[in-house]
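Per-chain residue numbering starts at 1, and chain names A, B, C and D are given in the order in which the chains are listed.
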Amino acid sequence: MSVHRYRDGVSVVELRGAVVLLGRFPALAGLDLSVDVGETVLLQGPNGAGKTTLLMLCAGLVRPADGEVRVLGHDLTVERREVRRRVALLRHGTGLYEDLTAAENIRFWARAAGLGESEATSRAASAVGLLGLDDRLLSRPVHALSAGQRRRTSLASLAVRRPDLWLLDEPHAGLDQVGRDAVDSLIRDAVSAGATVLVASHELERVRSLSPRVVTVAAGVVVRDSGRGGGTTRPACTPEAATGEAADA
Amino acid sequence: MTGRRDTTGSAGSRLLGVSALVGVAVLLLFAFVLTDPDVRVHPTTGEEFGQFDAVRLLYLHVPMAVLTYAAYILCAAASVGYLVRRTPWWDVTAYAAAEVGTVFCGLVLVTGSIWGRPVWNTWWEWGDVRLMTTLVLFLLFLGYLALRRTTVDPRHQARRAAVVALVAVLDIPLVNRSVEWWENRTLHQQSTLAELKIQDLTLFTLMLGFVVFGLVAAWLLLHRFRVGWLEQAAAEHGVAMAIAERHAELDMPDVDAAVGDAGDGP
Amino acid sequence: MTHLAYLVAGWGIALVVLGVYGFGLLRRGRRLTGQVPAGQRRWLTSPGDDGRGG
Amino acid sequence: MREVFADALLIAAKDLRIEARSRVLVNQVAPFALLVLVLFGFALDADQRTLRTFAPGLFWVAVLLASLLAVQRSTSLEHADGAHTGLRLSGMAPSSVFLGKAAAVFVQLAVLEVLLVVGIVVLYGSTIEDPLLLVVSGLVAGVAVAATGTLYGALASGLGVRETLLPILLLPVLAPVLIGATRAFDDALGAAAVDGWAWLGLLVVFGLVATVLGALAHGALIED
C-alpha cells in the first residue's frame, strides 16, 4: 500500500531560511522546518502568519526567493514537477468543477493523475468509501452540494492520487460532525499508509486527537516547535527576535 | 564628470546626450536650410511638380520608422534572452526597448499622417501596407505596456511580457503579408528615394537623420534601462526592509497573545 | 517655404514629445536613485567615481 | 507524445462536458454573436445589398467578439474554484492542458460559426458559392482564433484586470486572421472577386504558429 519511494528517516520537508515573496511582501521571512516521513504536523499561528504560503511552498507552487528548500528529496528551486505529482493540497477553493457531478470530478482528477480506466475506478471507489460519500450524493452536480459535501468530494479527488505528502489548509473549517470525522479518518489512513501530513488549522482540539507535532508560525518564521511526538519542546531555529519566545514555551 | 550622484546620468550618457542635442541642431540646419525642396519639372509640359518643402519630413519620418522596428526587434530579442537566461537584465532591456519603441512608433504614425496630408492628399490611407502594419504593431505594443502596468508578481510579469513581445513581433510578417494581399496598393515610395530627385545632399541628410535619431534613441534607451534597473533595485531594497519588518512583528505584544492560543477564528 | 504648417507640426510634435519623454525619464531616475543604496547604482561605480556619498 | 494527446483529450472532453451541462455557449455566447449581426444590420441601414457585400467581414468581427467570451469562460472554469492549482499538481504537461483547452474552444467556435453562417444567409441574404472553401477556411481560422485566444487567456489569467486586458492583447494579434478569413469568405460567399484559396495559406501558417507557440509557451505562463 505504501507508495513512497524514499528511505524512512529521510526528511520529507527540509526548509532552511526559506523566503517566499508574494509580490514584494515576504510571506515567509527565513523559515526553518524539518519534517520526517510519517509525521503529522499541526501548523498553528495567527492569520497572515504564513501558514498557507508554507503549504504552497511545500507543494512546489511558489518559488522560494531565498533559502534551501527540499521536499520529498527534490530541490524545489530546480525540480518542482516531480514534487507536485506526489503531493495533495487542500485549500479554500475546492478544485472542483461546479457543473460536473461529484463522481465525474473524482474520476477526472484520477485520470488527470495519469491513472488508467480500471485503476481510476477502483481508487475512486475506495476514496469514496473512506469519506462516506454515497451514490445519491455522487450523482449530484457539485453546485448542488453543501459546503461539507464539497469538501469531502474534494478530499476524495485528492485521495485517489495516493500522495506521499498531504498539505491540508483548514480542513475542518465549516464542517459538520460527519465531515470532521471523515477528515480525521482520512488523515489517520494516510499516516498509516506511510504518508506525511501537514495540517494548518485553528481547530486545535480536533487535530490534537491525532497527536501531532505542533509547530507555531508567526510573521513568516517558526517561533515554537513541540518536536516529534508532540510532547517535548525543542528550540526552534529562528532569528534572534523569536528565540526568546521559543524559550518561554 | 560632475560627480553628482542623484541622477541616472553618467559620463558616457552625458556625452551621448550632448552629441544627440548637437546632432538634432545640425540635422535641423541640413533639413531646413541646406537641402533643396523636391521640385521636379515635367519633361513635356514643363510644369513643376513634386513634394516641394514637404519632403523635409523625410529626414524625420524615415529614420524614426526604421528605429521603431529596430527597437521592437531588440525587445523581442531581449525577451527571448529573458526566457532563456531568466535574469533581470534581459527583462529590463526588453521593457526599455518596448517603451522607447512605442514612443517612436506613435510619432511615426503622427508624422506620417502629417506628411501624408500634403503629399497624398489624405490623413490616413487604409490598405497601405506599411501604414497598417505599423498601426497594428503600435496597438500590439500598447497591449504589451498595459500588461506591464498590471500589478503582479514581478517574475510572472516578466515571463508574460516576454511571451507577448515575442508573439507581437512574430505577428508582424503575417500582418504585413495580409495587408499586402488585402489591398494590393501602397502610396509609399517603392524605394523611398527612387522617386525623389535625388541629390547627394538629400541622401546625406537622410543618413545624418539615421545617425542623429539613433543617438537620441540610444540615449533614451540607456536612461530607460537605468530607470528600470533602479526600479528593480529599489524593489529588492524594499524587500530586505520588509523582511526586517516582519521579524520585528514578533516583538509586538499582540503577536504573543495570538500565538499563545491560536483559536482566533478563521 | 511651402507646407510650413505641416513641417512645423511634424518636426515640432516629434521633438517636443521626445524632449518631454527624455525629461520625464531623467525625473523618474532622480526620484528612484534616492530609494536605492549607492552600491547598487551600477553605472556610477566607474573608476574615479566610486559611488560613495549621495 | 501519445501521453500529451491523451491528456489533451481528457481536458477537452472535460471542458466540453461542462459546456454540455452549463450551456453557456448556447444560452449566452451564440445569442450575443447573433445580436452583433443584428446590430450591424441596424448600423448599416438595413440595405441588404450593402449587408451582403460586407457579410464576410461582419461575420468574422462577430466571431472574434464572441471568441473573447468563449476564451474568458474557458479560463474562468479553471479559476472559479481553484481547479487550476489541481491541474498544476496533476503532473500533466502544460502543453497537454493548452492543447485540450484550445481544442474545446475550437469545437465551440465551430458550432458558433455554423450558427453565424445561417445568420448571414437569413439576415443578410448571403449565398454560398464555394461550400468547400467556406468550411475549410472557417475551420482553419477557428483553429487560429482558438489557439491564440487560449494562449492569451492563460496569459491574462490570474490578473485582476483580465476582462479588460484580454481584448486589447488579443484583438490586434488576430488582425491577420480577420483579414485572411474575411477574404476567404469574400470568395466563398461571392461577395468580392478574390482568390480565397490563396488566403487559406496565410490562415494555415497563422494557425500552425499559434498552436505550436501556444503549446510551448503555456508552461512558462502557468508555472508559478
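Assume a contact is a pair of C-beta atoms (placed from the backbone, for glycine too) under 8 Å apart; a residue touches a chain by one contact, two chains touch by 3 or more.
Just so you know, these numbers come straight off a predicted model, no measurement behind them.
Common neighbours of chain A and chain C under the contact definition above: B. Pairs B-C and A-B differ in how many C-beta pairs touch across them, and the larger number is found at B-C.
Work out the mean CA point of chain B and of chain C, and you get 14 Å between them.
Chain A and chain B have Cα centroids separated by 48 Å.
Averaged C-alpha coordinates put the centre of chain A at 39 Å from the centre of chain D.
Averaged Cα coordinates give chain B a centre that lies 31 Å from the centre of chain D. Those residues of chain A in touch with two or more other chains are numbered 63. Residues of chain B in contact with at least two other chains: 151-152, 155, 238. Chain contacts: chain C has no residue touching two or more partner chains.
Contact annotation for chain pairs lists A-B, A-D, B-C, B-D, with touch applied as defined.
By the touch criterion stated above, chain D contacts chain B in their complex at residues 151, 155-156, 158-161, 165, 168-169, 172-173, 175-176, 179-180, 183, 198-199, 202, 205-206, 209, 213, 217, 220-221, 223-224.
Those residues of chain B that touch chain C in the complex are listed here as 1, 3, 5-13, 24, 28, 31-32, 37, 52-54, 56-57, 60-61, 64, 103, 106-107, 110-111, 114-115, 117-118, 216, 219-220, 223-224, 226-227, 229-231, 233-234, 236-238. Within the complex formed with chain A, the chain D residues making contact are 3, 7, 10, 14, 17-18, 21-22, 77, 80-83, 85-92, 224.
Remark: chain A residues 19, 21-26, 29-30, 44-47, 63, 65, 170, 173, 202-204, 216, 218-221, 223-224, 239, 241-242, 245 touch chain B in the complex. Contact residues on chain C toward chain B in their complex (touch as defined above): 1-4, 6-7, 9-11, 13-15, 17-18, 21-22, 25-26, 28-30, 32-38, 40-44, 46, 48-49, 51, 53-54.
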